[in-house]
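Scroll down for the structure; my scribbles are underneath it.
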Amino acid sequence: MAERTKIRSALAFLAALHAAVALAGFLAPYGFADQRRDYPYAPPARLRFLDASGRFHLRPFVYGLAPDGAGGYREDTAGAYPVRFLFHQRLFGVDEPGTIFLCGSDGYGRDVFSRVLYGGQTSLVTGLAAAFVSLSLGLALGIAAGFYGGWLDRLIMRGGELAMALPWLYLLLAVRAFLPLHIGAPEAFALLVAIIGGSGWVRPARLIRGVALSARERGYVEAARGFGASDAYLIRRHLLPMTLGVALTQATVLIPRYVLAEIALSFLGLGIGEPAPSWGNMLAEARQYHALVSHPWMLAPAVAAFPILLAYLILADALMERQREGG
Amino acid sequence: MADDAFLSVRGLGRRFPRGRGPERTAGWAFRGVSLDLAQGRTLGLVGPSGGGKSTLARCLALYDAPTCGEVRLEQRSLWAAGRRERRRLRAEIQLIFQQPAAALNPRFTAGQIVAEPLLIQRRGDAESQRKRAAELMEMAGLPAGAARNRALEFSGGERQRLAIARALALDPKLLILDESLSGLDVSIQAQIVNLLADLQERLHLTYILISHDLRLVAGIAGEIAVMDGGSIVESGPADELLARPRHPCTRELLDAALALTPGGGP
Amino acid sequence: MKYAARRALHSLLLWIALSALFFVFADLAPGDYFSELRLDARVSSGTVAAMRAQSGAGRPLAVRYARWAAAAVRGDFGHSLAYDSPVAPLLWPRVRATLLLTGTATLLAWLLAVPLGVWAATQRGTWRDGVLNAVLSLLLSVPDLLLAIVFLVFAVRSGLFPAGGMTSAASSSMNPAEQARDIARHLVLPVAVLVLGMLPVLARHVRASMLEVIDAPFALAARAQGIGRRRLLFRHLLPAAMNPLISLFGVSLGTLLSASLLVEVVMGWPGLGPLFLEAIMARDFPLAVAMFSAAFLMAGNLAADLLLCYFDPRIRTG
């Protein structure tokens, strides 16, 4: 029962986070490429309810920003900008020339909060799509190995063992090395998904092979074969439904790992390029750590990844526990 | 032996896959098996476990290919047939397994289980398949409303009835029951035996009943073949064989059966 | 020993296959070092053509691979285009640095993970086990990258640790003992990141495999004979729990090198990772393939297999 509550709450939490990222176009106050060149590295905005004279406002407002002369900013109490809701088809915003950078701005004066939301689309979709690729490969190879056995089984499993011992990031970089350095965002995305997804099929394939192996010995599979069923029928009607539980559990293990892989690759400059944001290429700016020391809000994308990874981990643990108990 | 027999088996043998199998049979699961069976009759195939009965059943039902020999059903050679012909022959011979519970997919409903052979052989549309499944379940003595229940919800006897209903879906002529009655309560065993006799009469079925229990087989089978060490050691009409067993193996089986029969033992 | 020889042969064959694939793909790939170079206005096109001819890029693929492989077996990995130097002297210090980093991290992580996992297994179901599990889960969800960056910021802000690199600028003028202390100071943060990344995975595995054996019949029997706790743990439970852990060790080497690459890049540790990345960005192919081979051979499951062979007599005979 405890597992069930865990699974439900983790699922609900993940659904909310994914929805927030999917709705970036509405929730983010700025577009991902909108620049305010006059406000580079602005600190996170402070929402205020009390004005200079101590009066309370129900509608929060922000002060304008003015250079403090030392490379940073100070709040300019002369200009107050109330937060407007449902503003220019977005959830909230403030009138020009005011700015509302909830998580500060980057070196080009782009809103980090908005970019984290938009970047999440890239990172999460990469994770989901790559997990889909891995699981499809894992299902196909695992079922082929378990169901047909023999030399095919040995070939697939030996290949998998070797693939597992390889340092995957080196492998990804090596594959990426053969392709042109500068490619468009759609190509880069497709490539990223193919590389990450193609590298992680081994574990799901092994587990699914185990299920297929036991299925082959089941009486009902034998019986269906006796009625003249083709391999395709046996796989579709009997094997696939049996492997579904394992495949789903593996998805919850793979997705967070692949989100991390996207972050790593884009961080190294081999993923999605600017100006399209992803959590990885946003963090790449943090490689100049002297900038980071004075602008810690640039870490926002990594911080945003944390709750998602944790929720997936809890979900995966609970699912595995349930599978172990249910046999 | 008549050449126009319904089922005729000649010199059938099967080797174990390389490097397996007991040494005393020199790597053969069974060899040199010949037998004839007329339509509408029941053959009891008895013998100690490990005697090659189940492998023989699998060869007769087109699961495993024999290494040598020939099987003919109504003059048609089973293993010489082409792919399409074999698919048709496959429908005419049905094997019911040792453990019916394992032979039913727990994810399927009873209706789906019984209709599966029709789906595989693409006979009729979904509606007619459903109707036929209901008909078959009724024939096997299952309640009409059970079609929606999952296999796990049935008792042992009902599962056996489900397996029989499914085996009948393709209108087979020969039914091979491999230890299908073992592991059931005696009263349920009797019910299933009655069902089988009933079906034999209605559908003109031929049975091969495989068991290690001579007593069980004796009540149903007209002829009995005793199998030990991979070959048939003795065969003949049931009453004759039971009255004058010649082979030591048959005697042993008979003693064991008598010891189990209430009042038959010392 | 036959088993070990077979695995070594496997590793060798795989390395040949991978490096050959590397060559074929590199041949098919658009753009090479020279085409990147041609974009540089300071280098004349005549120079580029001459360099290309000198490097032997015009010869057939099979010839180039055969020459490269033959040289590689003798320890000569070719000539780096970007550094205009043989690859081997570039490679070895990098391998040493990466081995120092990953070796230290692995040792520390296992030294922490085994007692933690065993302790958690003995406390199963109590609040202590729950708290430890929660902490490990939290740690597992923190991206290594975030840890590395945060530690670096901490180093810069606090000044307690050097901010990146492996040695101080003044290292060459130090005596050996001071040099060692200098390197150790530089090691602390990258090792800490790697250990924190590995620890939760390892500790969870140790706990799980201890739980498998803690209630096994042989353990109950030993306990029924009144065996001491310490003896039970070291003579019975740990050896039995060790097997799955050793194969985990083999698999985790690959992951460890990957994590190490990120940490090296972020922290400026002069290991294989940054040079590999640089070689790829510059399309310096001979350097890249050498780096890849080195990383692969380090992670190769040979070591783990030898260990497993030592611990599990079933494999030795098989």
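Note that the chains are named A, B and C in the order they appear, and that numbering of residues resets to 1 at the start of each chain.
Note that a contact is a pair of C-beta atoms (placed from the backbone, for glycine too) under 8 Å apart; a residue touches a chain by one contact, two chains touch by 3 or more.
Note that the coordinates shown come from a computational prediction; the quantities given were computed from them, not determined experimentally.
Please list the single chain whose C-alpha centre lies closest to the global protein C-alpha centre.
Going by the distance between chain centres and the overall C-alpha centre, it is A.
Which chain pair shows the largest tally of C-beta contacts?
After counting contacts between each pair of chains, the winner is A-C.
Among all chains, whose Cα centre is located farthest from the one for subunit B?
It is C whose centre lies farthest from that of subunit B.
Counting only Cα atoms for the centres, state how far subunit A is from subunit B in Å.
56
Just the number, please: Cα centre separation of subunit A and subunit C in whole Å.
A distance of 25 Å separates the two centres.
Quick one: report the Å distance separating subunit B from subunit C, using the average Cα coordinate of each chain.
60
Residues touching two or more other chains, restricted to subunit C: which are they?
Not one residue of subunit C touches more than one other chain, so the list is empty.
Residue numbers of subunit C touching subunit A in their complex, please.
10, 14, 22, 25-26, 28-31, 137-138, 140-146, 149-150, 152-153, 156-157, 163-164, 250-251, 253-259, 261-262, 265-266, 276-277, 280-281, 283, 288, 291-292, 295-296, 298-301, 304
Considering only the defined contacts, which subunit A positions touch subunit C in the complex?
161-162, 164-170, 173-181, 256, 260, 263-264, 267-270, 283, 286-287, 289-290, 292-293, 296, 299, 302-303, 305-307, 309-310, 313-314, 317
Show which residues of subunit B lie in contact with subunit A when the two form their complex.
61-63, 87, 90-91, 94-95, 97, 99-105, 107, 116-117, 120-121, 163, 166, 169-170
Spell out the residues on subunit A that touch subunit B in their complex, using ranges where they run on.
Residues in contact with subunit B: 218-220, 222-229, 233, 238, 241-242.
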